[in-house]
Every structure is written in structure tokens, then in C-alpha cells.
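You will see two complexes here that share chain A, one where it goes with chain B and one where it goes with chain C.
What follows is the complex of A and B.
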């Protein structure tokens, strides 16, 4: 039995449809990430599951029980908010214990659970502080501790890291991941950051305009994006897109765009006309004697970004601006002409509707 | 003098002049008057400690102090509860919310004398609207302003009604400052509506509560226009407030020195009470 299931759930505010026919099963103990831009409906889905937002149509189940009409307090879910939602007038200990005190949990049990959560999160020395006296990362941990001591059926995270600076964000991301693996509590995690989605999720759901664009394991979505939106959204640096056509010349398919032409020697390319071709920056390569590729693209370098580990080379191939992620020792400067090999086996083709073709 | 210094003095001069003329001068003048006997007509004469001795043994003054505390003991809790309840109601999604907010604020900007006359009509024993409603539901009419037991409570209720809009605005501002996530977090933790109010809303409104208590205490001690217009201090002097007694001494008996002494005593009482309140309510810095 799935831990959480959404069955044809929709949410409308007046004439605006925010979530459209959302259906999803989340397995017990799974960490599922909802990722999408603003207005994709990801937070609304989470808030409907928590009961903080009503459902226009459809059914939500937790452990098989229909909770669609239940108030938040009867759903046994705990949520970590973007701004943490800590009670500013209470100490860390009071923040952690309030929910249990409201539920009349025995004193000893409260102390046991707090000691357990505090030990895992390293909050021992902060129990008597107020939230104002804590750093961003510490507040984040208290918010997680408050969720943990409840021992709920489901953890909900609503963009929990977006108020932290980059370094702390990476650290807390790792902590949340290892914490979830340790507790094995079903977790639904909402973020706009595809790096968080890729690194945390057992599975991820890519959302746009209130609809599921793709659902799957992160690496599968990266390798085989279902449509152009997902291809552009998942993966940094972003995938290059070229508008053009597929021609079949003597049975061999080739991609033709303005000022650009290369073979696409793959048997799975059906005979199609107008397409968008997608190629990830790491699939453009400097040709070497050992790796000669028949398909190449040539252009003039307009910008070189040396990140240290790799170098991003932006170049114009005819009217098309492309970017390649090359080794850090690549000797190119602005104004150079470069010819790069294309890993044609990793190309993506999207038809006029944006759907994937390969 | 450097140019910057000169312009600094110039810029603050208007406010300094205002402060000297309308704040510092009256305060100093009142303190001086405490030691004078003056009827506004003849030359003031030195009175030594006579005014202070009189104050200490003046039963009417202490009765007025008692009356004012009776007023405050009704007005303060009533003001807090009504202001908070109305603010909570007006903070919810509500049809015609702007209208309701304006309606409850309107009495604040109406002259106190006008409100007092209006409420005298409402409280009238035979023809007043309140008693007519009481009679309609089968109750006996109440002599609101002429019964010594009900006169001060009636005035306290009216003053509360007049000022509630002002304190509602303070509470509304405080309510909007409470993060939504705090209320949602406690809702997810299983709290009922009352528990949400008790554990999040009310404690997070502590700074506003301190402000409302302090302001309505200071205002309440200056109770004057309502008893002056509605009861003249009666019945049986039960609505004689400190300021009304001060006014009577100054402008009916022309005892300016003694009136000033009452004024200084009032300021001291207000200061002491507010200090005690701050200690009792706790520290707003806790937030």
C-alpha cells in the first residue's frame, strides 16, 4: 500500500487552475521531490496534503485512509516551512515539545523523544535558547527536530533551504538526505532547485503549470527527459537547444538548421520534419586522436568562463548560441574558431509540441 | 561656531521653541504653582507646603482617586478583551471588511463631548434605547447614570466603546506581523483553535498588549469629559474623577495652586501604575 496517494487531485482559485488532475503514489519510506518553477503548483500540492489548502476535486490518502476532508491536525503529518515557522516566544525545548504537550503525551515520553531528536541533530547545547538567538542552520535543525519528535507518518518539506546561504544549503541538503535515510519516514520535499531535486530524491516529479511533466528517478529524467521543458529544467549547465529539421539523405538522417548541418547516425530517428534538437554542454567534446566523432559543430567563441574544474565555452554556430562544458585545461580564447565533436548517441529530439522523440 | 553646528541649531530651533513653550514651561509652572496660592485675579502668594498638606487629608481627592481606580478596573480589562476580540474578527476574511474597520474606528475621531451627549440619551432611564430594549425582552429598566452602583460602570463601558477602534488598529497591526507558518505549524501539531490562540497568537501579541494597557491606563486616568457632561460627578460623587476634581478646584473655586498640586499628584500616580504594570506583564523583549 502506498504511504501517500493523490488521485486526480485538482485545485482551482476562481478561474485559475493551479493543480490539474494530479495523480501520484508515494511509497512507504520514499523521499519524493516535487520540483518546478514558481507557479508550478508544487507548494499547493504539499499544502493540500497537509490540509492547509482545500482540494477542489480528487482524493488524497495517507496510509490508505481518505484524508481529503480532514483538518490538518488529524492527518499526522509534520511540515518544515521555508521560514521554519518556529515559535519565537518559546525556547528550543518548548518549540520541540509543544505538539506533544498538546497531544497530552506523558512527560517521560516527551523527554525521551526530545533527547533522541536533539542527539541526532546536535542541538544539545541550544535547548534553552530562543529562535532569535540561533543561526539559520540551527533554526533549520530545530524545525526538523520539531517534525521528528512527532514521529509522524509523513514529513513535508516546503523549500526548507531557500533562506540559507549557498554553503550551508549544501551542508543541510546532505543532512536532510542522511536523516531521511536513517529515519525511513515517507518524505515529500518541495523545491525550485533542481540540484536539490537531483541529489535528494529517490524519485522526482517535475511540475509545470500544475501538471506532472515527468516522474522518475533523477538520473533517468536527466538521461531521458520526456519533453523540452524537463530537458531545459533538469541539469546544470542547461541543455543547448537548436531549432531545425531532420533530413534523410541516402537513408542517413541529418540535422539541418540555419548555417548548420551534421549527421545524426541513429536508426531510431524517425522521418520527421521540424524538430528541436537538444544537446547537453558535456556532450560537446574537443576531438582527440582517440575519440574522433563524425558529427561536429563549428563556431566562434564569444565567452569563456573558467570555473576551475571545468570551463564553459560559449560559442556562436551561425545564428545559434551554444555552450560546451570542456576540460579546465582547454586552450581557447574569445574570437577563436572551434570545432567540437557531438556525442550523437546522447542527443535529444523534440517535436513541435515539445515531446521527446528519442 | 561652525556652519554645520549653526545649521543644526537652526533646524532644531522650531521644535525646541515648541517644546519649551508647550511642554517644559507648563510643567515647571505647575511645579511652581504647587507652592503658591493663586485665584487668577490677585497676585499669587507663597503657600509653603499648604497645598500638599491639604491634598494628603482631602477626602474628596482620595475619593476621586478611588473612583478613577474603579473606572480603570472595569475599563482596562474590557478594553483589552473587546479590542482583541474585534481585531481577531476583523483580521478574518469578511464581507465589507473595510466598512467594519471604518465603522469601529469612527467613534475615535468623534468629539468626546458629542459621544457623551449621545450616550446620555442611550442611557436615559425612561426613554433611552438601552432600557427600551431591556423592557422589550421583559427585564426591568436600569437607572444607568443615576444609580450610584451603575453610573461608573456605564461610563466605563461607553469610554471603552469610544476608544476601541484605536486599540483594534494596534492589535490588527500585531496580528499581521505573526508569521502564517507559526499558525500553520501549530495547527499541524494538533492544536485546536483555542490552543492556537493561547500558545501562538496571544503570546505573540504581547508587545501590542503592553502598548494597549499603557495607553489606555494613561488615557483612563485622565477621565474627565464623560462625567463632566453626563453626571457632573454624581450620583453621590461616585463618578467624580481626579481630573474632574482638578477642574472644579481650578475653574469653580479658582484654587490654581491646589489644582496644580492635584495635577502633579496625578502624573506621579500614572507613572507609578504604569511602572507596576510593566513589571507584572513581563518583558516584551522576550519576543
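What follows is the complex of A and C.
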């Protein structure tokens, strides 16, 4: 039995449809990430599951039980909020225990759970502090502790790392991941950050305009995005897109765009009209004697960003601006002409509707 | 700032402060002077006497009036805080049909001067048979648009995630209001309490209209009737009765001035 099921769930505010016919099963113990831009409906889905937002139509089940009309406290879920949602006038201990006290959990049991949670999260010395005496990372841990002590069936995370600086965000991301693996509690994690989605999720749901664009394991989505939106959203640096056509010349398919032409030696490419070709920056390579590629693209370098480990080279091929992620020792400067090989086996083609063609 | 400028500034401020405080000090001192000395401008009485207070206490039921005032002002203040914060919470944080209309009506109520509603309200009280009752003094003041709007404005600044967290913790709306919002809104609640209490405590016109029985009169009303009606007999006695009116307000201010100054400074430094 799935831990959480959404069955044709929709949410409308007046005439605006925020979530449209959302259907999804989340397995027991799974960490599922909902990822999308603002307005994609990801937070609304989470809030409907929490009971903080009503459902316009459809059914939500937790462990098979219909919870669609239940108030939050009766759903056995716990949530971690973006700005933590800690009660400023209460100490850490009071913040952690309030929900349990309201549920009339016995005193000893409350103490046991708090001791367990603060032990895991390293909050022992902070129990008598108020939230404003804590750092961002500590507040985040308290918020997680508050969710943990409830021992819920499902953890909900609503962009929990957005308020933290980059270094802390990476650290907390790792902590959340290892915590989830340790507790094995079903977790639904909402984020706009595709790095968080890729690194944390057992599976990812990519959302746009209240609809599921793609559902799958992170690496599968990365390798085979279902449509142009997903291709552009998942992966850093972003995929390059070229508008053009596929021609079959002497039986061999070729991609032709303004000022640009290269072979696409693949048998699975049928002749179609207008297409968008997608190529990830790491699939553009400096040709070497051992790696000669028949398909190449040539352009003039307009910007070189040296990140240390790799170098991002932006170049113009005709009217098209492309970017390649090259090794850090690549000797190029602005104004150079470069010719890069294309890993044609990793190309993506999208038809006029944006759907994947391969 | 140079020493000279600072001296100048302090001199000006001291002068201004004296201008405000002198009449008050003079009033205190005059209540302690024998009848002949009351007219003088001196602040230190040659001879101190409590005769004025004794006379006042004997001639009119000031003790009872003090109780009446305390009862009326406390009830109104409590109601304005409890009912007002409930209304403000709903206006700020709940979604319901007619909410924009409610917001608009509250602002409109604020714009209507009290004098305008005096006569219709009086007629209503007469029809209800509430003349010479506490209800006439209390009920018309139970809701206060200014207080509601002040509290609503403050509640809007409290992050929504706190309400979400409280709901996840299993709290109902009332509990969220009184155990989450109230502790956070202490400064604004204190301000509303001070203004409501002082407004109610000092109110003269309305009690004069709806209460004629001396046993039900509030302190300022009795004072007005007593002093203007010639019951006091001397300036010293009049001033002594005024002191009885002022002292509770001053005491309240001393206790709550921290919040008072905070709100006047308008700083957004809530934790």
C-alpha cells in the first residue's frame, strides 16, 4: 500500500487552476521531491496534504485512509516550513513539546522523544534558548526536531533551506538526506532548487502550471527529459537549445539551423519538421586525437567563466549563443574561434509542442 | 554635538518640560493649601493640610464614583482587547465571505465623529430602558474600530507560517489567537489598553446623558456635576476632586510607559 496517494486532486482559487488533476503514489519510506518554479503548484500540493489548504476536487489518502476533509492535527503528518515557523516567545523545549502537550501525550513520553530528537540533531545545549538566540541552521534543526518528536507517518518539507546561505544549505541538505535514511519516514520535499531535487530525491516530480511534467528517478529525468521544460529545468548549467529542422540527406539525418549544420548519425531520428535540439554543456567537447567526433559546432568565444574545477565557455555559433562546460585547463580567451565535438548520442530533440522526440 | 549646543538644547527642553509640568504641580500643591493660599502661584505650600480632600469626600460619593469608573473602564478595556483582537484576527488572517466589506466598514466607522452618533445612540438607550444602568455606560463602547485596526495591522506582520505551524500542532483559531498572537502582540495590546482605559476613564459627555442617579455616576461625571454645580464650594476642593481623577491614569501610565514609548517610537524591533 502506498504511504501517500493523490487521486485526481485539483485546486482552484476562483478561476485560477493552481493544481490540475494531480495523481501520484508515494511509497512507504520514500523521499519524494516536488520541484518546479514559482506558481507551479508544488507548495499548494504539500499544503493540501498537510490540511492547511482545502482540496477543490479529488482524494488524498495517507496509509489508505481518506484524509481529504480532516484537519491538520488528525492527519498524522508534520511539516517543516521555509521560515521555520517557530514560536518566538517560547523556548526550544516548549517549541518542541507544544504539539505533544496539546495531544495530551504523557510527560515522560514527551521528555523521551525530545531527548531522542535533540540527541540526533545536536540541540542538547540549546533547549532553554528562544528562537532569536539561535543561528539559521540551529532554527532549521529545531523546526526539524519539532516535526520528528511527533513521530508522524509523513514528513513534509516546504523549501526548508531557502533562507540559509549557500554553505549552510549544502550542509543541511546532507543532514536532511541522512536523517531521512535513518528514520525511514515517508517524506515529501518541496523545492525550486533542482540541485536539492537531484541530490535528495529517491524520485522527483517536476511540476509546471499545476501539472506533472515528469516523474522518475533523478538520473533518469536528467538523461531523458520528457519535454523541453524539464530539459531546461533539470541540470546545471542549463541545457543549450537550438531551433532548427532535421533533414535526411542521402539517408543520413542532419540538424540544420540558421548558420549551422551537423550530422546526427542516429537511427532513431525520423524526419520531422521544426524541432528544438537540446545539448547539455558537458556534451560539447574539445576534440582530441583519441576522441574525434564527426559532428562539430564552430563559434566565436564571447565569455569565459573559470570556476576552478571546470570552465564555462560561452560562444556564438552564427546567431546562436551556446555554452560548453570544458576542463579547467582549456586555453581559450574571448574572441577565439573554437570548434567543439558534439556527443550526438546524448542529444535531445523536442517537437513543436515541446515533447521529447527521441 | 558641541557642549554649547547641548547646553542650549537641554535648556530649551527643560523650559518646555516645565511649561507642561508646572500647572500639574501647581494643582497638586493647591489641593494641599488652606483656602486663603490657593490663589497664589507658589508651588511649595507654607502649611500643608488635607482639609480639601476631607471636604470633598464628605460632600459627594467620590468613593462610589471611583468604583463605578473602575468597573466601567476595566470592563470596556477588557472587552475591547478580547473582542477587538478576535475581530482583528479574523480580518487579518481568515478568509471568509464579506471580509473586504468588513474591512471597509471598520474604516468608515473610524471616520464618523462620535458626536454624530450621540443622539441616535441616546434614543436607542432610552428605548432599551437602559437609562441609569451600567449597560448604558458600557455596551456602546465594547467594540472599538481604532483598536481593531491597530491590532489588525500588527497581526498582518506576524508570519503566516506561525499559524500554519500552530494548526499542525493541533491548535484551533482561539488558541492560536490567545496563546500565539497575544504574547507576540503585547506592545500593541498595551497601547490599546492604555488608550481605551484613559478614554473611558475620562469620558464625561456620555455618562452625563445616560446617568442621572448619583450612585451610578462615574468619577469625571460626578466631578463635573460637583465642581460646576457649586457643590465644591472652593477651588481647593475642586482641584482635590480632580486629583482623584488623574492619579489612577498616571499610575497606569507609569506601569505601562515602556510599551507606550515603544509604540510612539514606532520601531519595528520585535523579536
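Everything that follows uses one rule, which is that the second predicted complex is superposed on the first by the 358 of 358 C-alpha atoms of A that agree within 3 Å, B and C clash if a C-alpha of one lies under 4 Å from a C-alpha of the other, contacts with A are read in each partner's own complex, and residues count from 1 in each chain.
Simple rule for what comes next: a residue touches a chain if its C-beta (ideal position, glycine included) is under 8 Å from a C-beta of that chain, and two chains touch if they have at least 3 such contacts.
All of these numbers come straight from a predicted model, not from anything done at the bench.
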Please determine, from the superposition on chain A, whether chain B and chain C clash or fit.
clash
Examine A:83 and indicate which partner it touches, taking first as chain B and second as chain C; both and neither are also allowed.
both
Considering only touches as defined above, state whether A:355 meets chain B (first), chain C (second), both or neither.
neither
Quick check for you: in the superposed arrangement, does A:107 touch first (chain B), second (chain C), both or neither?
neither
Of the partners chain B and chain C, which touch A:306 in the superposed model: first, second, both, neither?
neither
For chain A, what residues appear in both contact lists, the one with chain B and the one with chain C?
50-52, 71-73, 77-79, 81-89, 98-99, 102-103, 130, 146
Residue set of chain B touching chain A in the complex reads 179, 181-182, 184-192, 195, 199-200, 203-204, 206, 286-287
Considering only the defined contacts, which chain A positions touch chain B in the complex?
50-52, 71-73, 75, 77-79, 81-89, 98-99, 102-103, 130, 146, 150
Chain C contact footprint on chain A (complex, rising order):
47, 50-52, 71-73, 77-79, 81-89, 98-99, 102-103, 130, 132, 146
Quick one: in the complex, what on chain C touches chain A?
159, 161-162, 164-171, 180, 183-184, 271
